[in-house]
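So, here come the structures, one by one.
Note that chain A is present in both complexes that follow, paired respectively with chain B and with chain C.
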Partner chain A sequence: MARVNSPKELEGLRQQILSERDPNKPCIAICAGIGCLACGAAKVVTVFKQEVEKQGLKLDVDIKETGCPGFCERGPIVVIYPEEICYLQVQPEDVPEIISQTIKEKKVIDRLLYIDPTTGEKSTYESEIPFYKNQHRLLIGQNIKIDPRSIDDYIALGGYKALAKALCAMTPEQVMEEVDKANLRGRGGGGFPAGAKWKTTRDAPGEPKYVIVNADEGDPGAFMDRSLLEGNPHSVIEGLVIGAYAIGSHEGFVYVRQEYPLAVENINIAIKQAGEYGLLGKNILGSGFDFVIDVHRGAGAFVSGESSALMTAIEGRVGEPRPKYIRTAVSGVWDKPSNLNNVETWANVPLIIDRGADWFRSIGTEGSKGTKIFSLVGKVNNTGLVEVPMGVTLRSIIYDIGGGIPGGKKFKAVQTGGPSGGMIPEQYLDASVDFDELTKLDSMMGSGGMIVMDEDTCVVDVARYFIDFLCDESCGKCVPCREGLKHMREILNDIVGGRGKQGDIELLEGLSRVMKKASLCALGQTAPNPVLTTINYFRDEYEAHIEEKRCPALVCKELISYHIDPDKCKACMICGRECPVSAISGGKGLIHIIDQEKCTRCGTCFDVCPTRFRAVKKISGEPVPAPVPEAERVLVRGNK
Partner chain B sequence: MAGKVESQELDLTKLDKILSRYEGQDDALISVLQGVQAEFGWVPQGAIEHIADAFQISPGEVYGVLTFYEQFYLTPRGRNTIRVCRGTACHVRGTNANLRTVERTLGIKEGGTTNDFKFSLETVACLGTCFLAPVMMVNRNYYGKLTPDKVETILKQYD
Partner chain C sequence: MGDITLTINDAPVTGQDGMTILEVARENGVDIPTMCYLKELSPIGACRLCVVEVEGSRNLVGSCHTPITEGMVIQTHSPRVVTARRMVVELMMANHPDNCLVCDAANQCELRQVAADLDVGLPSFKLKKHYYPIEDISPYLVRDLGKCILCQRCIRACDEIAKQKVFNLAYRGFDCKVIVDLDQPVDKEVCRDCDVCVSVCPTVALRKPKKQGEEKKGPPLILSQ
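For the complex of A and B:
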């Protein structure tokens, strides 16, 4: 690769790449994100390559492995260009037909299209699928067009143009002003204005200054940053270099979660390629600006995503937070001014520089500009990554994009902000996605986890789940967080275990207040949110657990009893065999009965009773029906 | 059992090779430990002391790092590693029943290894494939939309 020495040469390179590509040549783009790989995309790619060869089309068709377009649940996803036909859940067996029908004959294969479960309507193109139609995909929209390991793909679509503009046509101050004016707020959780943070680092005394990408993504249930880093790593690099230029930094770090090997691989390849073109390194694009990037792998601790902890981890020490009397923007890595932003925050920067702050400000709400990527998961029909303009309502995300709740169940709550956020109930579904509005509901935007829960989810159990998670993840350095979480865990365990007492709710509220005020880092300060919001919005469920020893959602193990419905039991004997404490009496042709005294409520019988029978029932807060009398236990063949 | 594996003798040349890759880098402790784990599958006691010497810190400090992060193992592992996701998305979609099934089938608890070293069982905070919830991984393979009976079939495929 030849070095690119000026914006003009970059544009020349782009033209050259485009001229070597025939826009009418068929191209098969296969998503090779982790989601699709998990569903067998690698095999699909191999078979496509073999089949193209076999059908003598090797020179006439391009095959591209791309990043994740978001609809991971329906993977492996294949898009055929130039028509942009979108096939879902493609299996190796489908490949020969795709080549012979769609590539050769230009015929669409109906069975592989998206079919609307309610209307039965088929969508041929990506843009028609309701899941995508209601999104505004500025950041992830290009993923399916780009091979993340090909810098040329990125440049062909205008990549690094913003960098050229910033470095060669703008002063660092102008870049800073533009980002400030755009009111880009941090996508990693807090929504702190990026421009203001950048300025702090720029103005802080001390050299060198560092810029850092936070790709720790510890929120369990979220994978936005992973998809960006895996699917379009150059957009993050470009944003980082632009920021570094504005701040006056010449060295950057990308801190990636250990669990994301593909992201580490792709970002490393991208850095190498950018270096070869001279888009990283010395004298970038002939501007005189130097910048290098180093990739660090996190080692799997949630708290390491916190800014001061992350910086200690970069120094190679245990990633624990420290008190931030002095902010990391002023004194971070090796006590030097260090500016940390989330992956998605950085990826927005090239867009702002390229199209201008005014354009960016035209998207979103008064206080929250641009788009936000969410990982929409849980009890919702269409799960995956969704990117929406700020200001869209939660309802629209869950119902228009997500397609509502599966199995005709009732919506109960949606959790935003991960373990630091809160559960938002039905009556606030029309709240819009906006930093300030979600905070008003005692939740927060967070990094983008959005977990939908239905009537079968117990909110007390989920609150306990988060506290449990945070208890394990608290670094233990400060007392309010360490002890507060432990105490909360005990109380919540008591409540879900049927040992809840009067006054427990108030105690939880009191502990929450102390933790919010006195904890060292945001982990402890925000940890009570899941508990507080559930108490606030679902107090009756807490009371049912405490006063009636009843779990309304039939989740909390110690508050439910298992009972075999005599009308449904077919005497298959499986449960009797599997029950670890031999609490089930039965035998050939006999309706099975659980001995409530012996039963440990492990749930095995419920799990193993074949779905076609579903004879084992959960009961909570009411007495278990008396067992069928001995005389009626014999199953009469053909009768039942 | 652990003693037996320990006595297979730690190959110090392999360890030194890893250390030499990061020579002179004070910030490389975690990278070295990651390298050791990749090489040996766990971090043996002998390696800890050797690494502490190389970094001129106390073994206690190395322990501190090792125990802080979940990815490091201080005991030998089974040939296959099962990782059941306990993330939020998986939790609300019923991952606990799957975890129970793995534990029951293999007779081990989370964090344990079967006596024949066939399986080690871990739980993780999120596998990043939440749209497949509930998910578990065996080695590098993902299994999504799991139910207890699927779990049993999957476990049978490994040796």
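For the complex of A and C:
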């Protein structure tokens, strides 16, 4: 590859790439993001390649493995260019048909299109699908057009243009001013203005200065940063170089979790390719600015996402937070000024430089500008990545984009901000999503995890799950977090196990307050949020567990029993056969009875009882009805 | 090195640039309890016992590691602070053997002193203790990790004073413990007889070996604070 030595040469390269590409040549873009790969996208890609060859189209069709466009619920996703026809849930057996029908004869295959479950309307193009229609995809919108392993794809779409503009047409101060003016706030959760942080690092004494990408995404169910790094790594690199230029740094780190092998691979390839074009290294684009990037793989600790812990880990020590009486922006890696921002924050920087701060400020709310990616998961119809402007309501994300709750169930709560966030109940569904609003509801923006829960979810059990997670992930340095979480887990285990006692709620509240105020780092300070918000909004459920030994959502194993309704049981013997501990007695024509002593409450009988009978019932907080007397057990069939 | 004026518990005090809240408070006769802090060692802010309230700060701050700034307004014994301190000691006690009656540290135990000073009483939590075997194969050092409260004084003393780095932390969360090598019992090979760690341990999780029938000589060594 030839080195690019000036913005003019970059533009020349772009024109050259575009001229070599025929815009009318069919291109099959297959999402090779992690969600689609899990649904079998790798097989689909192979079959596409074989089939194209078999049908003699090898030279006439491009096949591209792209990043994640977000609609993970319906993977593997295939988009056919130039028409931009979007096919969902494509299986290897659909491939020959797609080639012969869509590619050769330009016919759309109806059954692979998105069909609206309520209206039955078909959507041929991505932009027509309600999931995408209500989004504003500045960052992940390009993922499906780009092969993350090809820098040419990124450059063809105008990539590195912002870098050229920043390096050659702007001074570092102007870049800083633009980002400051755009009011870009940290997407990692804290929402600290990036401009102010950059300024602190720039003004801090000491050389060298470092810039760091925090890709240690650890929240359960969150994969925003992952898909950006896997799907469009060059946007992150471009942002990082621009930031480094503004700050005056010449060395950067990408701290990425080892659990993200594809992200590690793609960012390494991207760094190598950018280096070959001279977009990294010495004298970038002839501007005289030097910058190199090192990829540091994290060893799998949630706490390493905390800035000071992450920097300790980069130094090669155990990832433990330190007291931040001096900000890491002033004294970070090896006590040098270090500016750390989240993947998504960096990816926003090229957009701001390219299109200007005023454009960026036009999106979002008064205090929070731009868009935010959320990973919408849990009990919602359309799970996947969602990018919306700041300020949309939770209701719009869950219902308009997410398509509501499956199975006609009722919404109960949404957990925002991962394990350190809080649960937001139905009455606040119309709250707008921005940094300050969510904090007011005792939750937080976090890095963008959004877990939807329906009425079948027990909030105490969910709080216990999150505390359990944090308990394992606490580094163990400070007492409130190390010991406090352990006791919190113990108390919650007791409550869901039916051993809760009077005073437990107050003890949890007291412990939470101390942990919030006295812990060393943000992990301990935010850890009690799931407990505090659930106590706040669902206190009655805690009381039901403790006082009545009843789980209102019928989830907590120790508090429920299974019972077969004698009026509904048709003695079909299915549950009896499936019961793993043979706790169900009964035979043909004999009403089944569960032996409560033997029953392990695994719920198999409940699941297998045919829906037309629904004879197995979950009960909680009340005694199990006495079994039918032997004499009445014989089932009299109506028509015999 | 200029003078910095600040307010501690409504009284104006002055300190030098670079001093921590704790240092200024102690100089002015305000007693803030500490556990992981020792003036000979670098502060790490792990025990959270020395937290104080600083006006304008969202959370309580550790006084042992926070430098003073001009015009700081500090409360060292407000109800919020005392509640937090009590809870911290209570949490430590819930994970500490309650055999004080026969413990070598006796009244020299700093945890016991702090618990008594703060009037902690019996913990309201279920006791959750670690049971580690006593390591007594070294001729220089006996370790009873059941008594360890993870103040990391031994780690820092060994590193900063003895320049040895015998100890380190391993594992996460509640399983966190001070280890030697790759979690081996401490023996002759790794440790020389310098006693620095023994003298700084607040709870006698580290002590010198005793021979059966040997007379106990005085209280254990503890560096004066």
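We take it that the second predicted complex is superposed on the first by the 581 of 640 C-alpha atoms of A that agree within 3 Å, B and C clash if a C-alpha of one lies under 4 Å from a C-alpha of the other, contacts with A are read in each partner's own complex, and residues count from 1 in each chain.
Keep this in mind: a residue touches a chain if its C-beta (ideal position, glycine included) is under 8 Å from a C-beta of that chain, and two chains touch if they have at least 3 such contacts.
For clarity, every value in this text was computed on a predicted model and none was experimentally measured.
Once the two complexes are overlaid on the shared chain, A:V634 sits clear of chain B and of chain C alike. Ranked by how many residues of chain A each touches, chain B and chain C are led by B. In the superposition on chain A, A:V318 makes contact with both chain B and chain C. Contact with both chain B and chain C is seen for A:A301 once the two complexes are overlaid on the shared chain.
Residue contacts after overlaying the shared chain place A:V377 against chain B, while chain C stays out of touching range. When the shared chain is aligned, no partner comes close enough to touch A:V624: not chain B, not chain C.
When both complexes are overlaid on chain A, the residue A:P480 reaches chain C alone and has no touch with chain B.
In the superposition on chain A, A:Q415 makes contact with chain B only, not with chain C. Contacts of A:K517 after superposition on the shared chain: chain C is touched, whereas chain B is not. Residues 301, 318, 320, 473, 475 of chain A contact both chain B in one complex and chain C in the other. For chain C in complex with chain A, the residues that touch the partner chain are 43-49, 51, 59-62, 65-67, 80, 83-84, 87-88, 91-92, 94-95, 124-126, 128, 149-150, 152, 168-169, 171-176. Residues 34-35, 37-39, 72-73, 217-223, 226, 258-260, 297, 299-302, 313-320, 375, 377-379, 383-384, 415, 418, 449, 451, 453, 457, 462, 465-466, 469, 473, 475, 578, 580, 602-604, 607-608 of chain A are the ones touching chain B in the complex.
Interface residues of chain A facing chain C in the complex, by the touch rule stated above, are 301, 318, 320, 322-323, 325, 471-480, 482-487, 490, 507, 510-511, 513-514, 516-520, 525. For chain B in complex with chain A, the touching residues are 25-31, 33-34, 64-65, 68-72, 86-93, 97, 100-101, 104, 124-133, 135, 142, 144, 148-149.
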